[in-house]
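Both of the next two complexes hold chain A, though its partner changes from chain B to chain C.
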Partner chain A sequence: MADIDITSQTMDGMGPHGTKVGLLRVLGPAHVWALGVGIVLVGEYMGWNFAVGKGGAYAALIACWFAGILYTCVAMIDSEVTSTVAAAGGQYTQAKHIVGPLMAFNVGLYLVFAYTMLEAANAITAGYLISVVAGMTGYAGELDQRPFIILVIMFLAWLNYRGVLATLTFNLVITAIAFIAILVLFLSTSGVLGGGIMQHAALFEGHEMPYGWIGVLAAMHFGLWYYLGIEGTTQAAEEVRSPARALPFGTLAGIMTLLIAATLTWYVCSGVLPWEFLGDGVNGSVAPLFDTARLSGSNGLIWLLGFGTLFATLASANGCINDASRAWFAMGRDKYLPGWFGAVHPRYRTPYRSIIFLVPIALIFALGAPLDQVITFSILSGLLEYTFMPLNIIMFRRKWPLNSIKRGYEHPFHPLPAVTLLALCALTFFAVFLGYGTQLVAMIGFYIVVSLWFHFWRYRFVNRGAQFTMPWPKPQGY
Partner chain B sequence: MAHYEPPKQSKASQLFDVIVLVILTVGALFVPIWLKMAGAAKSVTQPVENPTWETLGQTPAQAAQYEALGYDPASAHDLILARFDYSFSAGALIAMIVVIVLYYVLMLKFSEVEYREVIAEKFGDRR
Partner chain C sequence: METWQILEYAAWGASALLGLYMLIDWMKVDSSYSEDVLTSSREGELEAMTEEQHR
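And now, the complex of A and B:
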């Protein structure tokens, strides 16, 4: 057993002890929950409903639960590894220590692109929402959404620049409001409080499985959107006061919250909105919970869900900027990317250069690509990352068995969660292939090209031994 | 293993690396869009002339929700009848599987080579 104990406050080997340029360690479990749920909760407010379009309402529910199993496996595996590899970069840093540099470089890019695309999707939705509110409040004509998209990204980037504690405390408050808004909508429309307006049987009649079982498979593609981003809790690893406690607690509480929110969201939306309208997130229901509130006839619910949608998009974009910049920063610090990005702000202790650099990238996608394409790009990056996770945990357990280093959390039933995760990832690849095969191939082509670029060019600038920063014994088998 | 001393990268070279990455990233998303090969567009294969809620396959309850959302049968026509086409060829599926598997094999193989260097330099002969 190593003389470092991750569960100890004084000898955990993390932060200033383990790194030359430490970020500020000020976060608790609630912030980790807010980061994870804050990124994801927007998935209930928009995007998940493309799954309805792919296979009908029942298909979206089945996809919701299967994706829930997939992400439960992700959360369990991630909690074990990150409560041990507690450093900025999350899965990138895990891959660097467990699998190898090239895999780490790819995982770092998965993270940056998944979060930056999600941030772009959030900004698009915020712009749309503001245009709807403008119309509802009497503005005549078509509102130009672009200034609002730019404003959202710039404001949140500024917040992230100024400090992590304020950023994630802001996320905690607005995420809690957005989650409560879903609960209130469910209680108000389902008949629990007052009269219900749900009519599942009548709305499903004749349209139960419009595409048959192939539609259920296809729905898995956007089923991921219910939960995509919960794995981002790991990015806070270097900034939490107690990694071994806060990371597993925040992550697992987060996935439980999301399983509840996703099921409630499906229930209220599919019980009020016809499936063809609900399933078309571009020409039909861009913000399904908000549309459900509109049909409730209650002005209070319309305003609550309007703010809920706006807060969810802001919280998600905020968390995405936080996570993408940490991953970019961590790669810069290791010279996987130009070392210039590895700087910490002297006063705010944030990875400010990475934060600023990713702003125009997010803007290019938010202003230049359709919502479903941006979402697909994010999902594909996420999917590649989830496929890496089972390989990662199997190698982690082999190289450092349970008795060799102390974990903050040990996930049960290994290797069952890893095998289940791998199988569900294979299923989702097929779902993506059914609709977006060209993008899938383009994306993998991109990763192959950048991998060759990294292996044959970029890696020469990387310190070999120094990048292994965990205070662990030598891995078994080497 | 002898200690590896990486070369110092100039500012211009760092900038060039960033530009290469950005071009590749933007290209990966936008090239399929520009070539109009991205995404599964829905299409109406059997349009209905002079549509009514009945001919669009909507029950009174479903029609009432559409009307509450501000639609009439004509404006809801494309929204209701558009469908995805999930047909695919076995060859395309096999090609996708091969690409994905090859990608991960490539990753793991190259990573393993690099990882052995890292471990050798970090730990040497230590246990």
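And now, the complex of A and C:
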């Protein structure tokens, strides 16, 4: 059989044969859960509390739930499309099959930027946490954080290099510990087990909505932080044993976990820490869950939440390396980038060149860029990606209606989730514009320039026939 | 020398070792296998096999 039959009158693409060394299909739903939740959970341990600073504690809760709706739509849409387009690259591959090459190129870059920046931010955070531990253990000098930042990136890159099963099993263990730590903190401080220390009424009195509804809108920017990265589950698509089952199961279980974790986090932190302190993530509460544990007076909780914070940070960086390298690899394999990046390690069965290539980039950002800028560029890339998703699912359902192709999962109430997601994205763009207008314009300018480069130069190298690989019928209307 | 200073040096050393491991292994793999084999991965292999079995 020929590799590709692009002349077929009935099929949109023919699955190509000839893989001698491919990615290994060894993952299950728990690994998918660990990848998605692992990337995100650090947002519960730190970062979300900037939303409190923008609009007070209630604004942070409203942002938490609105962002929760946004990400539930993301998870539902992703589960349907990825369980059908089950290939490395996630949303990049979806865009390639459903929208077109220019969209795919942009989405691929959003993914790589969002994850690499987030990886750098996590490494910076891990370095900071280690310096805090040094201070707590009585070290009088100033700890050089750089070797620890570099070690985090090198160790996790090495783990990713050696194989996906060990990488995501490691993520599963440390993510589970970090999530259990939040549950234990809630049970211990809310009064469910023993005496509670919650003071919501006293702390909120007179500060319910310090900046009114505009504060709620501004809080949406950091409300994303509770869930940013759950869409990363899609990058495991080519390495799960059963994509149709594992991807929807892992992704939807992941968003449920995060909705619980986010709400509990808000509840325990806002019930113990004054909003002025909680909302200042730089000079106030850098790690609110850890600070809440410290105020509980229990040494056991302090250690548990200390490890939880570090583990959540490592899990996030680990998942980001996994996801960024798969997106880069998939773009290389299709020649959207040099085909050299599309190589798979013959023994470890990982995209080893993509993993190594992204290490120095992460190091440059981790060692040379300020944390808030790195995080903002990560959020902006993510937001651009979420804006693509509703358009993607609407086109997917139009071109291949239900029953025209096999889907692993069909999300309910279409097009309501797509419309809701689009509306919430528009709202969040406005919120980001209020706080980071210059960065938003700069980022969009950057993507316009690289789009022009792709259209006028790079696209000539793309293997146009080979990029459509799903054995689907021709799309309706074509 | 304090423990944390030793840990700083240990972190530099471990980072260098891990980096070297990846670089050496990368060179070895690239020189042992042809580019044709290393970049032979194709998207949609599983879907194609399933489709063929059902035909």
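The rule we apply is simple: the second predicted complex is superposed on the first by the 457 of 478 C-alpha atoms of A that agree within 3 Å, B and C clash if a C-alpha of one lies under 4 Å from a C-alpha of the other, contacts with A are read in each partner's own complex, and residues count from 1 in each chain.
The rule we apply is simple: a contact is a pair of C-beta atoms (placed from the backbone, for glycine too) under 8 Å apart; a residue touches a chain by one contact, two chains touch by 3 or more.
Computed from a predicted model, the values in this text were never measured in an experiment.
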{"item": "Joint occupancy of chain A by chain B and chain C, clash or fit", "value": "fit"}
{"item": "Angle at chain A between chain B and chain C, C-alpha centres, nearest 10 degrees", "value": "110"}
{"item": "Which superposed partner A:A218 touches (first chain B, second chain C, both, neither)", "value": "first"}
{"item": "Partner chain in contact with A:E238 - chain B first, chain C second, else both or neither", "value": "second"}
{"item": "Which superposed partner A:G339 touches (first chain B, second chain C, both, neither)", "value": "both"}
{"item": "Partner chain in contact with A:P415 - chain B first, chain C second, else both or neither", "value": "neither"}
{"item": "Chain C versus chain B, contacts on chain A by residue", "value": "B"}
{"item": "Contacts of A:D280 with chain B and chain C, given as first, second, both or neither", "value": "first"}
{"item": "Partner chain(s) touched by A:Y478 [first = chain B, second = chain C, both, neither]", "value": "first"}
{"item": "Contacts of A:G163 with chain B and chain C, given as first, second, both or neither", "value": "neither"}
{"item": "Distance of closest approach, chain C and chain B, by C-alpha atoms in Å", "value": "13"}
{"item": "On chain A, the residue positions that both chain B and chain C contact, one per complex", "value": "339-340"}
{"item": "Parts of chain A lying in touch with chain C, wherever the complex brings them together", "value": "13-23, 25, 86-89, 93, 134, 137, 139, 141, 143-144, 147-148, 150-151, 154-155, 157-158, 161, 238, 243, 330, 333-334, 339-340, 342-347, 352-353, 355-356, 359, 466, 469-471"}
{"item": "Chain B-touching residues of chain A, taken from the complex the two chains share", "value": "53-54, 99-104, 106, 113, 199, 202-203, 205-207, 210-211, 214-215, 218, 272-274, 276-277, 280, 283-284, 291, 294-295, 335, 337-340, 357, 361, 364-365, 368-370, 372-374, 376-377, 387, 391, 429-430, 433-451, 453, 455, 458-465, 467-468, 473-475, 478"}
{"item": "Residues of chain C that touch chain A when the two form their complex", "value": "2-5, 8-9, 11-12, 14-15, 18-19, 21-23, 25-26, 29, 33, 35-49, 51-52"}
{"item": "Residue numbers on chain B that touch chain A, as the complex places them", "value": "3-4, 6-7, 9, 11, 14-15, 17-18, 20-22, 24-33, 37-40, 42, 57-59, 61-62, 65-66, 68-69, 71, 76, 78-80, 82-84, 86, 88, 92-93, 96, 99-100, 103-104, 106-108, 110-123, 126-127"}
